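Dropping a structure here in structure tokens format, bear with me for questions.
Here the chain labels run A, B, C, D, E, F, G and H in written order, and each chain numbers its own residues starting at 1.
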Amino acid sequence: MLLEKDQKLLFIGDSVTDCDRAKPEGEGVFQALGNGYVSIVDAFLQSTYPELGIRVVNKGTSGNTVRDLHARWQEDVLDQNPDWLSIMIGINDVWRQFDSPFIKHQHVYIEEYEETLRKIVQESKPTVNQIVLMTPFYIEPNEEDLMREKMDQYGKVVEKIANEEDCLLINTQAAFNKVLKNLYPAAIAWDRVHPNATGHTVLAKAFLNRIGFNWAK
Amino acid sequence: MLLEKDQKLLFIGDSVTDCDRAKPEGEGVFQALGNGYVSIVDAFLQSTYPELGIRVVNKGTSGNTVRDLHARWQEDVLDQNPDWLSIMIGINDVWRQFDSPFIKHQHVYIEEYEETLRKIVQESKPTVNQIVLMTPFYIEPNEEDLMREKMDQYGKVVEKIANEEDCLLINTQAAFNKVLKNLYPAAIAWDRVHPNATGHTVLAKAFLNRIGFNWAK
Amino acid sequence: MLLEKDQKLLFIGDSVTDCDRAKPEGEGVFQALGNGYVSIVDAFLQSTYPELGIRVVNKGTSGNTVRDLHARWQEDVLDQNPDWLSIMIGINDVWRQFDSPFIKHQHVYIEEYEETLRKIVQESKPTVNQIVLMTPFYIEPNEEDLMREKMDQYGKVVEKIANEEDCLLINTQAAFNKVLKNLYPAAIAWDRVHPNATGHTVLAKAFLNRIGFNWAK
Amino acid sequence: MLLEKDQKLLFIGDSVTDCDRAKPEGEGVFQALGNGYVSIVDAFLQSTYPELGIRVVNKGTSGNTVRDLHARWQEDVLDQNPDWLSIMIGINDVWRQFDSPFIKHQHVYIEEYEETLRKIVQESKPTVNQIVLMTPFYIEPNEEDLMREKMDQYGKVVEKIANEEDCLLINTQAAFNKVLKNLYPAAIAWDRVHPNATGHTVLAKAFLNRIGFNWAK
Amino acid sequence: MLLEKDQKLLFIGDSVTDCDRAKPEGEGVFQALGNGYVSIVDAFLQSTYPELGIRVVNKGTSGNTVRDLHARWQEDVLDQNPDWLSIMIGINDVWRQFDSPFIKHQHVYIEEYEETLRKIVQESKPTVNQIVLMTPFYIEPNEEDLMREKMDQYGKVVEKIANEEDCLLINTQAAFNKVLKNLYPAAIAWDRVHPNATGHTVLAKAFLNRIGFNWAK
Amino acid sequence: MLLEKDQKLLFIGDSVTDCDRAKPEGEGVFQALGNGYVSIVDAFLQSTYPELGIRVVNKGTSGNTVRDLHARWQEDVLDQNPDWLSIMIGINDVWRQFDSPFIKHQHVYIEEYEETLRKIVQESKPTVNQIVLMTPFYIEPNEEDLMREKMDQYGKVVEKIANEEDCLLINTQAAFNKVLKNLYPAAIAWDRVHPNATGHTVLAKAFLNRIGFNWAK
Amino acid sequence: MLLEKDQKLLFIGDSVTDCDRAKPEGEGVFQALGNGYVSIVDAFLQSTYPELGIRVVNKGTSGNTVRDLHARWQEDVLDQNPDWLSIMIGINDVWRQFDSPFIKHQHVYIEEYEETLRKIVQESKPTVNQIVLMTPFYIEPNEEDLMREKMDQYGKVVEKIANEEDCLLINTQAAFNKVLKNLYPAAIAWDRVHPNATGHTVLAKAFLNRIGFNWAK
Amino acid sequence: MLLEKDQKLLFIGDSVTDCDRAKPEGEGVFQALGNGYVSIVDAFLQSTYPELGIRVVNKGTSGNTVRDLHARWQEDVLDQNPDWLSIMIGINDVWRQFDSPFIKHQHVYIEEYEETLRKIVQESKPTVNQIVLMTPFYIEPNEEDLMREKMDQYGKVVEKIANEEDCLLINTQAAFNKVLKNLYPAAIAWDRVHPNATGHTVLAKAFLNRIGFNWAK
């Protein structure tokens, strides 16, 4: 497995990451990591590799766009000195264009998205050992759906930056697509965005597999 | 994997199984399976084998002893017609002897425990394809601790019945013991009984491994 | 307009009709008609035709399928002696097949749907002056979406019964489709089922237009 | 219709406008426009003219008099850059003179009312395309009732300013009077001020008709 | 004063009498008499004539009409064995005709009102020393207002029965009219029905004066 | 009556005056004067002398001693410009010496009490037409009870200052003593300090009688 | 100490005994014995004589008089089979005569008190090893206070029955009197009835001393 | 007894001391001392030595380590001018090392613990008459348990400082060990840290015995 002894792994993102985590700290006793994929990842790491002492921190905040991440990057990421950093952002950047189409100052268009995401990745590289970029997703099987189409474009941006900046890439959309062959979106997420336990497990499995987690251990 | 298409898997037990599940039904949308090991098992089944359409039901009830299970067996198990049945019971049978030592009518001693557990297993065999027996546990590494010692005796009863009645056995105590080599009990369960996310993952992993879950799928 | 002086108009259906109406009565002061399309219809009737004294009653109940309507038909419809009766049902009949695919006893398949809907319509005709049938809908523009496809089939059943039994038909799906040409589903209903104020206005307008409401009055 | 593509329409006023809107923003998802006439106007605009993309904002605040509006005019109106602005104010200016007759500093007498209303209209004209002035109202059919009499005087001031400053005028009192011929006040507003759904629909219809809304579209 | 040592005085009526009294008993410690005119009457009796030991009971129930009083007369009045009985009923009998004009089964028209009120008075006379009849009222100064006009008719019925059956009559409408010469209705009751402290004091003073209360004692 | 047209009467004191009044203002609609003697005084003034337009303000604050009054005198009294001012303070000054005997910095001994009370009276005289001083009280009939004894001493101080500074004096202890001849303390105040409705009426009657209220009007 | 191994000690009484105990059982984990003297007695027994395994049960119910105890004697005492039984009752029997002097059916006068208390004691003797009778009390130092005087009479009845029926007597009034020499009632109980922690400790100490508790152990 | 007339005794510590005390003051009426050992100590002092007028203050704060005590020492201890000071700290210093092993900045290791505890003791000696040091404890009978072992080491530090700085020492671990011979931990504290009433009584008895409390008084 890629994670090493005593490393600190920080997750940041929007409501899919947040999941009612403890605030402001985002770690500690009593379900401080929330009830989403971050907690599942942590639980598998602790139960399978208790000897490594991996420290997981959740800094997700509901409603955030990449613009919001940038605004709190120094305090919530750089000051935390993580060894590993996982970023999943972009759903709200796209969603507001569809559920609030006339409130344009809430939209984060793709140019700003790319520029800002690249900036926070580059700012982090000098001090972080490894950065993981998870694409945003939309739990909609129809590729021609307007919002799915746009989400795929944002996903492509994440892929591009991951390649250029040498990050680990996790294609969450691909992971959901596989399940959507057999399950209708409503069985995974009531609004095609906020996953239920099954959906968060899709994300957690994708993350754990990407970092070489040994399920047989 | 041992579970087959369209099968129904019912879990029953005490608060470790219950975990705030929906009542009375114990299945459905909006986290109806609670937030413990049952939900984790279901989420891995649905996300990995969506084509099988496994139906998971949670009938755990906080505070139950085997005596309580027996009282609701017809309604909560037999009438549900499960294909698979998983039972984890015994923690309260033991615990009351230690936290309320003078209220003796709340204690379920080992003879009653064995007799009652055997009875509900035997009553279920004619209509259930496969029964899984999970031992009760106590997240205490010291084998000479009085409550751990007694819990181990109840675990032995479960093992004995599993052998005699041809059930799948899951030794949850052994699963926790492995983690306790590196983590102190307080990092898994505040009262050595109610697991946090890490502890529930220990249980879920043990269950999934026992039924031949394919992590690599 | 088709409604005449002193007539009583009763709406029945699921959560789209219910909208937090007063229970059990479903009429009276202080927003007793709920906050959905029923309230909008009533408000336009009262404000535009105050001289007619139309009495509107809301008997929607969240989560209902046609099976549930049938079970409460005597008490909630026939005993109320309405002059007009409007029925919109079927969304949950379909939805459970998609969000809880493995809990089959919650599914109401199309044969049962047709048979039951016809039965309650026929039982009502002797005492009700006019029956309005509103199709169920799914706020999804992609006609090949599995759930939209199925909802359209249920809508066809409604259309068929309306023709055979001489009811007024309101094609709510068609009404939403018109708006979906310019607005993405997320701007009308967060889960493509429960409309926001805009969505309920689509329904109310369709109803009022169908009964010959005179907007210019 | 008078409103054009991509225009922003801002409503401001007292509790009749506020109706539990989201604060501080007054727009967005989840019934952010409140549950009064503003929401009805918006819902009809979005459902009938989705292609126009009209953006509606609600800046009503319960208890406000024209003096309060003036105090927050820069922040809540001018800084918002609306294309259209609708003002309905004056009920509390009058009401406090009747329900708290001895607390005189809460009364806004007619000279101050006229002067202040004219000032905020004039301040807005350079940047707003169109201003709508809605008269205050009192849902009391007796024209000799003291409070109705005074409210009519304030209404006359609104009419005068609308003429002088070239605003669209909506005579809400006249709209209510028409309904009061057939309905007693208690059927529209429990305290003759706060309308129920029927009453808010009277206001919304008056507004929509004034801006040339095409009901037949 | 007319009340004598150790007598029990029972008040019955609608929400104006109820005022959040303790239920079911309507007497005892901790503001059990509610916060309306009944409590004021009691407080003046106890503080001025503590030596008499008058026992006051409040059996008002919000929303009641004379029809409701009749239904609970045996249990709530006759079984209580009061020496004095004060009845104020009729506001809801009239009000429902104006705020819910189309829900006719909630209306209690004047013939039923008269017949029922006479019946409960006659049933009580054999065992009650003295009956007080308080007219219903409407805090509206305009005698030609439709609801005031109707309330006056119901008041006349009360006056007629008081004369025929030899009860003490209290004309509450007259008492309010006197105050309304100087105060607008909104300063006494927000909805012209439910009095504030000033309004309840009008009622209490009328009652106390009618029974010969000695203010100078 | 001593109060004249358009005068403002301000009450200040501790929890007996406060009685859950609106804060910070202490006047206005919806029981803003609280539910104690201040509200009763106001209700009798408004219902009997509506033509005078007396404005009553309640500035009582629970737990206050004379030391606390002094600290907020400028803001809560002088800045309010009352015509009449009524002060009742001292219960907590004494009580803390008995219920918290060892927390001495909470005690206000009689020298400080006298000095401070005189100071706030003298500061108010230049701008206030008339000051009313109500003694503190203890609803305990035994004059040798230690706390009653001390309260009587504080009452004497009030009497002395009233004489010297030409204030109206109201001896509340004497008013209660009269009732205590027939009623046990528990029937007036559960803790011998906080009066029930009967007890507050004793205070209100004493106040109204002192200012020449005409009960026969 | 008088209590012996494995004995069950049941307390019954009014709110002073109840103190928010768990209901209906009155024993078990999580402060099930309430927060009054019963809990203190239990805590000292368990912490000092853990080897005895004394089982303490609290069956106090707020507001009870001896009449209420009698009504639930079979179920709440005899069916529980206690070895020891402690009764403290009478405060409400007396109090209602003083705080609700005119509601006479709530008063339990001394003859009924004596007769009923003797009856429940005699009914219990055949099956209970030892009965403890605790007198009712009133935390008022003045022996001539009317309620204290009456409480002392009820206390004498308890003393008499204890002598006749061979019960252990605890004079709680005497225990409080000793403390009242130095502390004013308000420092022990806000209403002279419901003790604070200090007051409950007075009761617990009196009980423990009476049963020969060895503080030095 | 060692405490003398009018002395002030201040307790400080973590959640075991805090027990829901009033904040910020930590003294006064209505259970301001919380519901743990501090309240028991106070209740025994007041009920047994009311003539001494001992003033007890509780400054415990949940979650505190010695590092937190140091940060608030000036304000919460020195500025309070206590005559006696009792410190019980260290449980969280140790616990975080076991329940959050990877969040190292929350751990207070033994060197920092000793240094800081000595510093606050030394800073207090010039103004405090007597300092009591209570060891931290862990309600676990197995001396080889890792957390018990570490807690014992911290307890040794307390003992050492008590000797060097001439403080009264209370070995709370020894007090619990005595009870643990007969009771299992679960009967005293659900998590082996937070005592129930029995456990707090163990602490209170140890404290009272150490200061020479005379139980026979």
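List of remarks:
The rule is simple: a contact is a pair of C-beta atoms (placed from the backbone, for glycine too) under 8 Å apart; a residue touches a chain by one contact, two chains touch by 3 or more.
Keep in mind it's a predicted model, so treat the numbers as computed, not measured.
Bringing chain D onto chain H by least-squares fit of CA atoms involves turning it by 180°, to the nearest 5.
Ranked by separation of Cα centres from chain A, the top chain is E.
Set side by side, B-C and C-D show the greater C-beta contact count at C-D. Computed from the mean C-alpha positions, the centre of chain C lies at a distance of 45 Å from the centre of chain E.
Note: centroid distance chain A to chain G, computed from Cα atoms, is 62 Å. Centre-to-centre, using mean CA coordinates, chain B is 66 Å away from chain F. The centroid of the Cα atoms in chain E and the matching centroid in chain F are 33 Å apart. Contacts with at least two other chains are made by residues 29, 99-101, 183, 187, 190 of chain F.
Pairs of chains meeting the touch criterion: A-B, A-C, A-D, A-H, B-C, B-G, B-H, C-D, C-E, D-E, D-F, E-F, E-G, F-G, F-H, G-H. Residues 95, 98-101, 142, 144-147, 183-184, 186-187, 190-191 of chain H are the ones that touch chain B when the two sit in their complex. Residues of chain E touching chain C in their complex: 99-103.
Of all the residues in chain D, the ones that touch chain A in their complex are 6, 27-29, 53-55. Within the complex formed with chain H, the residues of chain G that make contact are 29-31, 33, 35, 39-40, 42-44, 46-48, 50-51, 179, 181-183, 187, 190, 196-202, 205, 215-216.
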